[in-house]
Amino acid sequence: MEATQAPRTVGRLAQWAAASADGPARDGGYFDAYAAVGLLAVVGVLFVTVAFTANRLMRPVVPTPEKLLAYECGVDPVGEGWAQTHIRYYVYAFLYVIFAVDAIYLFPWATVFAAPGYGAGTLVEMFVFIGFLAVGLLYAWKKGVLAWT
Amino acid sequence: MAPLPGRGLAKGLAVTLRTMTRRSVTAQYPDVQPELPPRSRGVIGLLEENCTVCMLCARECPDWCIYIDSHKETLPAADPGARARTRNVLDRFAIDFSLCMYCGICIEVCPFDALFWSPEFEYAETDIHELTHERDRLREWMWTVPAPPALDPAAEEPKEVAAARKTADKQAAAAAAAREAAAAPAAVSPSPDSAEEQQDS
Amino acid sequence: MTLLDALLRCVAVLAVFLVFPLVIGQTEHKVMAHMQGRLGPMYAGGFHGWAQLVADGVKFAQKEDVVPAEADRRVFQLAPAVALLPYLVVLIAIPVGPHGLVGQAVDAGLFFVLAVMGVGVLGSLMAGWASANKFSLLGGIRTAAQLMSYELPMLLAAASVAMAAGTLSLSGIVDAFHWWWVPWQVVGGFVFFTAGLAELQRPPFDMPVADSEIIFGAYTEYTGLRFALFLLSEYAGILVLCALTTVLFLGGWHGPFSDGLGWLWTLLKTFALAFVVIWLRVTYPRLREDQLMRFAWTVLIPLSLAQLALTGVVKVVIS
Amino acid sequence: MTAPVLGPGLAAGPLAAGSLSSQGHSFLSPTGVEIVFVLVGLAVLGAAVLSVTTRQLVHAALWLVVALGGLAVEFLLLTAEFIAWVQVLIYIGSVVVLVLFGLMLTRAPIGRSPDADSRNRPVALGTAAAAAATLVTLVVDAFRTTWVDLDAGTGSARATGSSLFRHWVLPFEALSVLLLAALVGAIVLSRRDGDRTPPRPPRPRPGRAVSAARRTPAAPVAPTATPAAPGTSANPATNPATPPQER
């Protein structure tokens, strides 16, 4: 298995990283960090574009009506490209959105609750918060929403 | 109910892990030829000389994949007084292996031992029409038919052998009787036929 | 940091992104084969078929790109890129070794990673909808439902680690790691890894692509390179998930000689987890859709909430 | 590393855009961050306009993704790191997925939906313009030429957490009640008949008729619009998510 890059490259990476230090929160480092992320996104988009373009040059284009039909295990498609599905899925979506909003609050809390000046009080506050939602989850459970019909 | 929850899951993991450490059973086919059991049903070979165009095979074939064409030939009479005899001459014998389902009925019904199973199996074609093989190809496969496997030590004697032996014994007995009878007058040499027959069968 | 420097890092990340998933995919070919008593690919490249996936890639690149006549052309074509790119972007923030050996340290790293990974599912949704195929659509719907059920335990488990470390920075989390975190966070690790598997739609959670029911889910209509990109995104997802689990729950680069060989530890742990992913795929049958949902909501979420409580209490007690 | 403040005119690349020192601000010499901010803002605006004008339902949702993603970038540029990723996680990762999910569950035809246009364009345009005018006036009036220094870290999770748990604990707890209410509401809405069916019925014994509400899961592929799983699905009239079944 390739050790990612040659050790030399790893060393150089380490040097750069050391140069940029591990405190990206410092002024300036913040923008640099996200600029690098943005740059990577651009590189990724470039990669996909190049791949698609190269693919367009290489591949054959021989469309036939049969080929362009929807694939349904080899038989001619039945009806349209839509099928009735169970509504039950949707309840999970509701539940998720609500719980996700809840989970978001855990993150700022997680970073501060053990810091001096917060401690047990903050812990209890969060437990109250989560407790309310756990009650909601229990309610959903009791109502049989979580079990499939 | 398993005594410990998740025990079945762990067991499954153990099975796959154990299999991974074992030797795999894959045969590397094109590099290593498979060892086929005797009487493998690979393809059907034709021994043309034995075929009398009786059409039994074609008629018994469940999916009608045997094609036989023939014509009659008149043989001039051997003796001046005899009638002229007719003989069937095979023009075409073909098996469509895209239809054949390898049931082996044709081989079973052939009364003259013209058809044989050959273990040869590498006759794939890119076009389905080319899977109809004519008699020259079928004849080539004939030479790949292995000798029949030896009988089990305690096995009953095949019928043909038994019949041949019976005949041979009878003839031998007859010859012996004749020898005894002719002991005084003149010695007649025993017929060589009996020995020959025994060998043939 | 200069632009060139940043660019080099990006290229390095891209290289990792293109090579590692192939390594994982090849490992999957071989491990799966041997677990099933087979040999797997043996020819491509000579030695035990090591170049099989490269050959696959070459093949995919030359195949015709079929867009169904009824499909929404643009969305259909764009979907693989949407599915793929989030994993690439995420990869930059995952620390490999000590002393800042990371593509780019991001302060809210954990949060960033979780947020961006969630975007990838849009690709599957787009593919499912745009294919104009009812099986694709069902696959898309199942993908969405699965994401919604499993994102939550994943978030909660990740929050537990963030609580333990008191930071959202991935490097910071690894820095704060002690060996006793492993037993402390083991439930969270289990939940995170399992939920991640489900989000990647890996067996046994591969209901959205269940071939015996809905052909290949959202990817049914895809051919050639676009199909390959979807597959690549799945394996890149495995890489990201295993690397993240390593960083969050297994201590990342911590291990003997971690000063010099830290990156090796991260890699080893990541690949060990990738092996587990493959192992699970070979071992377990697919869960039914209702079992899948119930598992998330009645097992994983309560477990992760319990882990949160445990983490919070222990943390307050020891500090 | 400290980002060197390049000459104002040269600071085009986002990499060079580091600190915003308080002196020398002018609309005529924007920093890199400001330029990027404006560009992304234009992109967001464009995506937003497309999302409300397109006739294709799913395209509208996808343009919304672009707009929301652009907004996340804007938050990032304003150093509101935490909010930016919340934006991605909640809005793109769950709200839009919810919207797409709903569209797929009901019917999202490929191609234009002629009934997607409510013919209220002038009214909508008027409302939008009025709202925009109000907001812009408000913001401009409130800040005028004030320059806010953007320090990285002010929008981080830690900062958010400390202000949340120091000063805003009560609203935070109230929020949990709100979320609980939303949860219960969602469940009640989607299960009108929740009282009729026991939450966990005993396993149906062979020979005894299974109650109509507890059929085996309806086959996922049900191309015909049967009133799926009688008794359990919501009343189509009350739940927007239910596809139009009776035609």
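Going by the order they are written in, the chains are A, B, C and D; count residues from 1 in each one.
Everything that follows uses one rule, which is that contacts are C-beta pairs under 8 Å (C-beta built on N, C-alpha and C of every residue); 3 or more make two chains touch, one makes a residue touch a chain.
Note that the structure is predicted; figures quoted are calculated from it, not measured.
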Innermost chain, taking as reference the mean of every protein Cα atom displayed: C
Between A-C and C-D, the pair with more C-beta contacts: A-C
For subunit C paired with subunit D, centre-to-centre distance based on mean C-alpha positions, whole Å: 24
Whole-Å gap separating subunit A and subunit C, where each centre is the average of the chain's CA atoms: 10
Interchain centroid distance [CA atoms averaged], subunit B/subunit D, Å: 76
Centre-to-centre distance between subunit D and subunit A (centres being mean Cα positions), rounded to whole Å: 15
Overlap residues in subunit A, where contacts from two or more other chains coincide: 19-21, 25, 30, 32, 34-35, 79, 81-83, 85, 89, 93, 95-97, 100, 104, 107, 109-113, 115, 130, 140-141, 147-148
Contacts with two or more other chains, residues of subunit C listed in rising order: 1, 6, 70, 107, 111-112, 132, 134-135, 137-138, 141, 144-145, 148, 151, 167-168, 289-290
Every chain pair meeting the contact rule: A-C, A-D, B-C, C-D
Residues of subunit A defined as touching subunit D within the complex: 19-21, 25-32, 34-35, 38, 78-79, 81-91, 93-98, 100-102, 104-105, 107-113, 115, 118, 122, 125, 128-130, 132-133, 135-136, 139-145, 147-149
Sites on subunit C touched by subunit D in the complex: 1-3, 6, 70-72, 75, 107-108, 111-112, 114-116, 118-119, 121-122, 125-126, 128-130, 132, 134-135, 137-138, 140-141, 144-145, 147-148, 151, 167-168, 213-214, 289-290
Residues of subunit B defined as touching subunit C within the complex: 9, 12-13, 15-17, 19-20, 22, 24-26, 28
Subunit A contact footprint on subunit D (complex, rising order): 1-3, 13-15, 17-19, 33, 73, 76, 79, 81-82, 86, 89-90, 93-95, 97-98, 101-102, 105, 107, 109-110, 151-153, 156-158, 160-162, 164-165, 169, 172-173, 175-177, 179-180, 182-184, 186-187, 190-191, 194, 197-200, 213-215, 217-218, 220-226, 228-229, 232-234, 239, 241-243
Subunit C residues touching subunit B - in the complex, by the definition given at the top: 31, 33-39, 42, 279-280, 282-284
